[in-house]
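Each of the next two complexes has chain A plus one other chain: chain B in the first, chain C in the second.
After this line comes the complex of A and B, so read on.
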């Protein structure tokens, strides 16, 4: 037991019969959990340094390593779990705010797993997507109130939109919070698969301007890297008001992560903290939001859709209605399980509401007000697979953002230590020794594969429902049935119970 | 070239301005301006735009190069995220002047509102400056990360305070020069007053002279008062706030 009273979280088990003391693990672990004892001439480990990122386990040539949860931590206690006790030790030792990475890991209900999809039987034929056309094309942007035609030709001038081949985009993750190689991977994958990635609030690296046609540039309260060139570089602009992992609070990229490339892209001096204030101090109302939306439209000559991203909070439906009326072309709603490069633990785990309920509430509200048709909704957070995508679209989303899933496709092992800057998988780090572990070409291929795989699966599920265009599934909640849900939940989700 | 903006919707006005800039116009005079927003937004290049009347909010947002002369008061958030250029306001301006401004200069003859210079930053050769002739509201230079904020307190009525409360709260870069003493209780807890150096004196002189050249003050008179320099205690005010979960 070390002086700060902490016991290790994980146990590093080295099978001495297999270990050849090659020191691969020593070099691989940025947390310095492995070291070479020169006197003994063998590799040894320090359990308390391990974060269970599994890098050494995967890289060990003889499979000598395994990482386990440290056995019996404290005497069993349902209230005072080992976790709650250790949190107090840490705060007692440091006086600090507990900070963590990745999304909320608490066992709140996962509504995706309480909703089931429909399929055709007898009365309407299902469709085989391998042999019949199946349309996933998705447009994100404002829709005109009506379309006018003259001599068979569309004469209504359409507002600017993003055209997606698949209803999945890569969500905002800034350069600084993740590595340039991670950005490159997502940018290339977007181009390959006909979709979009989002810069996050840290600017756009000069090497990535070439992917502008597949890029959404973000504008947040810190305005990092925002200049006219940046605004015009992307296909769309997203104003970040909030993030699901930390609603109501700002961002803070520590100076250690601001190396020269991050500094150049964010346009701030090297080594300085990049602080994003909690609110945009030019926005205290929907009317002010309107002002920011239109200042961005003015600066880009009305050529780009401008969206607004908010965290799913209690009043999300009313806020979304205000955003639609403020002139946003799309609204991104980020649920309380959304990932983060760094967030205060208590905020991450206790603030905000589940995306499934938020999404349904927003879609219902905008429909009731007759304005759903005007804007697109992008649902963000906790999309783990293609059936989550299908369910989100049936609940009312136009498309979904994936962030965590995208990082996992690049090799993330969900150790939740993104905030430390020591990501052994080369993703949430700026350390050149670590970032080189992610090859952007391989990364792009893997992220693109994931999108392609999900695309096939979405088509399969649509075909099963007898639907041949994604448009017919949007907000089509009859395709969903709830299990293990209260009447109140069903009511908010706007779906029937299974069997009804 | 002259544009009569009487009764003109901002969108049309700004389009005319942008078209003129695109055609290489070097001086554009806008008459009868009355609250039209976003004038100069995202405009690049070296053009001088004279604004006769009060422009609306978010003037010169994301602007990159032009010079804007306002012959009246400005409203909220001029120079929002401005990258380069110059703004001279012959009057007062509202809240959040120069929000996240990264380059260029803003001169305001009279007073400014709340949160002026918030999150102003600097980068390489870009060091933005805002010079305010009169007084500033609360949260002057909040979250300031770079650049220069200058407050002169000229022509204030007796008993009128030059600086509002919470001056420099969250400041972690840049410098403020205030002509006259700032009471301790008005300072944010991240800011301290330090001695002026020769470099500071030269900088102050340069900016004061430019300010005076626009508004007809005598630089010697303005410089006769003592200036105080405010800088952040720390470039990383929140560096020790966290521990890893």
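After this line comes the complex of A and C, so read on.
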């Protein structure tokens, strides 16, 4: 097929009055969208190669570049959009499954934007966080049923927990899917801000064992990088059953990304595909999950909380109840808008349910069953800012994971090409030419700044509600009101409508 | 003395340092576009990115303690400032004999044959009186200006 039916997605606009032909753009584009025409002595661009990652736009010393959507008008209609038509061209050309990166970008309702927070007026005082202490301390793990004291001292033995200064953790992104410099950035930022990052299922690089106290080590279906040393290196263990972006399916890290460092960390031969099976082959029931949870607790001397991560799917509340009863110390629920380094497009865009509904359903179910104290709930996916965090906590989350937001803080521009391995920002790639673009000193500072900024904002919002400790907001759904929601939605979310 | 040091592991090979070096040594120190489009001949960059991908780093004059170029210079144009330690080439006295280039162990001096032949080298942006332009504009903090 010599004729490619695909047309460019983006248009590269170069202001010739500003371009100095310095070739910075040429050197920075891994997609080779820019090149230098030596005969004409000028830089030229190929629109069809551009993915709108905006690396060149940001790096251009004279701001001569801008990227626009390609102005071609498809003969589209409400059913057959330009994107739908293009997808068919792609599949007709390749016969393959469509693959993509980042989270679901379809215009499904975003429930965060349909919930509003309360504030104090007259009848109860609001609190100024700059003048008065404000407590965001969060513990993740099982809560004791009761506390016993003897002669004024606590004698109840507390279960193992994670202690967070702020209810925000960095979600699981494996070394392999993202670069070592990205891992270093998140690990350092976690240490700096008193929170945790998650290895994902790619093991823990030897240089990062020093951040073990702020690390959640993940055990997933491929068991990559898992050995007793790894399990004991982290502050907690997370068993990954599912991921919001691709519930029900496994993972596949192509061999070309498995360089010697990834190979050593994942404990697999260099250059081989790392395939995580869709299920854990030793887990076919809650009882099997119970065995794995306790195997891991046994392996770590019952010193670390062990959690289970699942994707938000139809029966999420019942599944979460089973997980709590299986002995997990925390449950991570990943909504259908959660990010990924690579997922089949149709799965990403059409499988799973919104985190807001899943979170409310799980919290309600566990409370109704009287087992909410057995587990902490970490809500993952589509947290864009601090008010989303506050809303998630009011809905019943103990803490939230941020993945996409964390990567954006490191420089990600959401081009959704993580799966290609050509990340121009040095994040979702193992190409040594590209990974060095992310300086972990800068990365750690930016990620830590984001956490700190959100911490200040959370305190402001709490203060406005007249609450001085995050614990008083947890599951406090009276602080939320719904707008533009059906009675059914409000009922599942367990919140009142605005005006009620 | 404070020198420019390269962190090879974070150099992305973009050569933005070279662009800003040219601007800093042009007549249009606050206008990149004019420095490139108006000034003719365009100044040479005094910092050069050495590359053997994926390795790259920006190299410029090391301002050696015992600078061989100053000893090699036949006219006394190449001088090391006894106070600041900065090695500069006084272009009016330079005759373009290239002896300094032969003597430099780092290959950090280049020929400028655009007009009168002169040796072109890093002056640590001495006349700007602040952090060298290459360090200030490195997008990935791969260049640092510090005492070691």
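In this section, the second predicted complex is superposed on the first by the 496 of 500 C-alpha atoms of A that agree within 3 Å, B and C clash if a C-alpha of one lies under 4 Å from a C-alpha of the other, contacts with A are read in each partner's own complex, and residues count from 1 in each chain.
Heads up, the rule we're going with is that a contact is a pair of C-beta atoms (placed from the backbone, for glycine too) under 8 Å apart; a residue touches a chain by one contact, two chains touch by 3 or more.
Note that this is a predicted model, so its numbers are computed, not measured.
A.B. asks: Do chain B and chain C fit side by side on chain A after the overlay, or clash?
C.D. replies: fit
A.B. asks: Taking the superposition as given, does A:96 touch the first partner, chain B, the second, chain C, both, or neither?
C.D. replies: So A:96 only meets chain B here.
A.B. asks: Given the touch rule stated above, what does A:350 touch, chain B (first), chain C (second), both, or neither?
C.D. replies: neither
A.B. asks: Touching A:433, do we find chain B (first), chain C (second), both, or neither?
C.D. replies: Only chain C is touched by A:433; chain B is not.
A.B. asks: After lining up the shared chain so the two structures overlap, which partner does A:285 touch, if you call chain B first and chain C second: first, second, both or neither?
C.D. replies: neither
A.B. asks: Once chain A of both complexes is superposed, is A:124 in touch with chain B (first), chain C (second), both, or neither?
C.D. replies: Touch partners of A:124: none, neither chain B nor chain C.
A.B. asks: Should A:24 be classified as contacting the first partner (chain B), the second (chain C), both, or neither?
C.D. replies: In the superposed model, A:24 contacts chain C only, not chain B.
A.B. asks: Touch check for A:491: first (chain B), second (chain C), both, or neither?
C.D. replies: neither
A.B. asks: Per the overlay, which chain contacts more chain A residues, chain B or chain C?
C.D. replies: Result: the larger residue contact count on chain A belongs to B.
A.B. asks: Based on the superposed arrangement, let me know which partner A:81 touches: chain B (first), chain C (second), both, or neither?
C.D. replies: neither
A.B. asks: Minimum CA distance, chain B versus chain C, superposed model, integer angstrom?
C.D. replies: It is 26 Å, taken between the nearest C-alpha atoms.
A.B. asks: Show me the chain A residues, by the header's touch rule, that chain B contacts in one structure and chain C contacts in the other.
C.D. replies: none
A.B. asks: Can you list the residues on chain C that touch chain A in the complex?
C.D. replies: 9-16, 18-20, 32-33, 36-37, 53-54, 137, 139-142
A.B. asks: Show me the residue ranges of chain A that touch chain C in the complex, using the header's touch definition.
C.D. replies: For this pair, the touching residues of chain A are 17-18, 20-24, 27-28, 59, 61-62, 431-433, 436-437, 439, 441-442.
A.B. asks: Of all residues in chain A, which touch chain B in the complex?
C.D. replies: 87, 90-91, 93-94, 96-100, 221-223, 226-228, 231-232, 252, 254-255, 263, 267-269, 271-273, 275, 277, 281-282, 291-292, 294-295, 298-301, 344-345, 416-417, 419-420
A.B. asks: Considering the complex alone, what residue numbers of chain B touch chain A?
C.D. replies: Result: residues 11, 14, 18, 37-38, 41-42, 44, 57-58, 61-64, 76-77, 80-81, 83, 96, 99-100, 102, 115, 118-119, 121-123, 126, 142-143, 145-146, 170, 172-173, 235-245 of chain B touch chain A.
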